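Multiple structures are listed underneath, in structure tokens.
Two complexes come next, and they have one chain in common, chain A, joined by chain B in the first and chain C in the second.
Let's look at the complex of A and B:
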């Protein structure tokens, strides 16, 4: 049985570690044992009878250099932390999955705190819309004097984050993993670190990470496929520091820790349905929330796990409501005896993570802060291109242009005369605003609109929701409703490059 | 009637007219009020849209944590957990990303 084999391996490991402890004890006691305790306490006092020169600084037994002691002195002198905790931190390693809104501030704090080895996993490049919260990305533009406003845009996130960490603390080792976390590499990557920090942006990744965490005390910060990370963490015994922030809310917990810490599958054996997970790209996020609130706590939890100081946030969920200014932690269940990932007889193991279909389990592909794929939901003849729309708006003065984006997006930018339809969140049929409502602004759809069936064009951000709206309008008898392919983003690309995208 | 403080967060509040906290007097059907009954009452009386994002069958949909007085309902009896005067019933949708 694999269980017995595992038990055997653990016994061997235990025996090796005990032998190591004995060896270290002997080394600390020193030759002859006498006076050794005094020597250890003073660090430099020579045993009685020792002749010759006063011994030089020997680094004690914590292994920290003079530079390290100076750099980390403020936490070393902290009564509840101390030099041994710092030494454990300096020997520790963290895998940060995702160098985004959570991962980038967490990486900076962990580098600054002296975590000996940091791995950064990501597969994306920096976009302009990332920088308001992903503050690690600050590489100067090249060539100098070029696209000054763009800064690090286009640089690989893992590379950019690693550069910033090295600049902050050159004494630590920073590794990059540019391909992102995948079922194929998750166990292999997670195994190389003590703790995983999950800073990923979607549900499939979350499960994967958890499998990797169960068997050793390591911290991994993950940002991409949460479930995959979790499964990976469970499978190789690493605690997973999980954090998420959307809008003005944050949530934090540590999974797969200790003997009773649950994993994500213990809480939710069944994955949340596709479409139930909000993402920053759609729902928005206030810049300081992930970094200022959530990532700081993640870095702190990783430090606690590595140093052995404090009570990790296991079996608790810290809920942060930044709008209300409220932090509170709630008590979570213990791990489930029947969990497919972290029980004593898991069906998901280190060997099976690579073949697990996370997209099928969670009903969604692993995408980061990226746009949803364009869909074709209605017949091609019910749709026109942005260029055609431009011609028709010019040639059909009585036409109606219905904009079905949420009010926040409509208020950012809309075409002259576009009527806002309060479709968000997808509550069924679009409800028209009262005349003179948000859709105002003069333009072609004013009071002089012809009475019978003026042409009706529907736009949204990218052309998916508008197709749903057209389908619904046609069901309601408005057979002349026509969709605009690609929505306002396509308008900006194909018709008016000055039109904002976001 | 049982006076219960209902809390919604992590996005669940969007299904309840963007209210994060609601004090409600929930009628009992005979004996003790249970979490299942309080949840069904909230769905029928407070939910403003997309009930499928709140409940699945007679329970909560996967991805939503239910807490009774800040404790995971799994530790207090899940659907059958008793709800009494002054209790806080919290529904938190788990977040992903950042």
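Let's look at the complex of A and C:
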């Protein structure tokens, strides 16, 4: 395993040396050709001086064209950065995993900063609910009625992000990887880039990446995608710039950098229980938090790693509480001598990443901003469809309708007469409403005497939590509790298209 | 008594309803004692099911690590987050 890693590193070293030989050959052949060579390597047009015999502007052999010097001049003249750091940036490459709330601003900043080659990995398409934070997706809407009347909605995220990066800086190379990061392709993809930016929305991927970058840690996000990315980075020795943001909080660190930086598994050897990694789709996220407080730091760390300027955020975890305006930096330990991913004798290697069951490790599938799969937790006869609910609300005055969604969601929209009944915490029973009789969705109470146990219906957002609530209510003796299949989303699709979804 | 400051981040802040608390402990208390005290003071934290790490005076503590506390210490409760 370590042999394969070494082989990969030697191949990369060889490729770099060959590129250097070519550059030097061009330099010997003449300044004009050298300029053209450098420009070609950076994907730029030939510099103005290419045809002349006046090489003084490249006295340090940095290879930057006149256009590049003008474009990046503000950071080139920065004392602590300079032309050589910019040249390293222009020769460098970054793989951005996820073109969402973190990847969007990070990609724009890295493209603008002149990173020579950017790879964007994402398998999802843009949804309307993404755009408040995923600001890279800005394709202009076509006239109403056209296929693209909704602007970027429906466009592949990686394609949309690449378009925006190229529009911002046409001299860089942008590659798209539409299949997403998987255990099968993680090591192969990570190997093609110098630095990996983990900008995804789930834990399994995070572990995978770490494995591929193989030398560092993160106490931050434990979904399997994170695991996968980390593992992939560990395995092939690439630094991983890890970021996560949800609600009004962010967490950031650099894994797999240097010889002693820990990895995610060093910090969190065990994956958190399924469901303990809240995702934006469930927990919500203030739009400016991922970009404004996390992705900017990620882009900055990638620039530092590529240019060799500054001290990377390695062995430190930056914890950001945007609600309180608080930045908390935590010193991390050196990597664990027993870590399964980044120790000297790892059991997870570049060769084994492809076969590792990240979904099993973290107890969840690698879904991003997608809805959880509908579950069948209780018997079919304990459930009714939204259409049946509509009929019963009309025909059963005095029935009770419990809405077990969190208050924030209940306040967005709920059915007339629905009573908020918190399901949380998970283990608890729904808080019971006042005795039945006055609930009833729009029924005409009072026409008849309410039965001893008025009909009791339970709804949630999508029909999973409501089943849990019904099961608990039945345990507590309320055998007449009935679930509504698919929850309020199904209601919107099957009964009332005007009912808001979110 | 040992008086420590506890900072709550992410979900732990939502569950406890505060971003910062002063906790008084018996002399000789450790981070494990603190955890018990926090759970009794903020029973909602049970929801985290141990899925968080402590930092003590801005240094990460391993999941099973127990450290003696002294007055003036600052402990942060840091649950992992995902999302982007």
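Note that the second predicted complex is superposed on the first by the 402 of 502 C-alpha atoms of A that agree within 3 Å, B and C clash if a C-alpha of one lies under 4 Å from a C-alpha of the other, contacts with A are read in each partner's own complex, and residues count from 1 in each chain.
FYI, a residue touches a chain if its C-beta (ideal position, glycine included) is under 8 Å from a C-beta of that chain, and two chains touch if they have at least 3 such contacts.
Computed from a predicted model, the values in this text were never measured in an experiment.
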Next on the checklist: Going by the contact rule set out at the top, does A:243 touch chain B (first), chain C (second), both, or neither?
Outcome noted: both
Next on the checklist: I'd like to know which partner A:163 touches here: chain B for first, chain C for second, both or neither.
Outcome noted: neither
Next on the checklist: If we overlay the two complexes on their shared chain A, which of chain B and chain C does A:199 touch? Say first, second, both or neither.
Outcome noted: both
Item to check | First (chain B), second (chain C), both or neither touched by A:333 | outcome: both
Item to check | Set of chain A residues, in rising order, touched by both chain B and chain C | outcome: 100-102, 199-203, 206, 223, 226, 243-247, 249-251, 267-270, 272-273, 276-280, 283, 285, 290, 294-295, 317, 319, 321, 324, 328-333, 425-426
Item to check | Interfacial residue positions of chain C with respect to chain A in the complex | outcome: 7, 9-11, 13-14, 19, 44, 46-49, 51, 53, 55, 58-60, 62-63, 76, 78-84
Checklist outcome for this item: The residues of chain B that touch chain A in their complex are 9-11, 14, 20, 49-50, 53, 61-63, 65, 67, 70-72, 74-75, 90, 92-98
Checklist entry - What does chain A use to touch chain C in their complex? => result 98, 100-103, 199-203, 206, 219-223, 226, 243-247, 249-251, 267-270, 272-273, 276-280, 283, 285, 290, 294-295, 317, 319, 321, 323-324, 326, 328-333, 424-426
Next on the checklist: Which residues of chain A touch chain B once you look at their complex with the stated criterion?
Outcome noted: 100-102, 133, 199-203, 206, 223, 226, 243-247, 249-251, 267-273, 276-280, 283, 285, 289-290, 294-295, 317, 319, 321, 324, 328-333, 369, 425-428
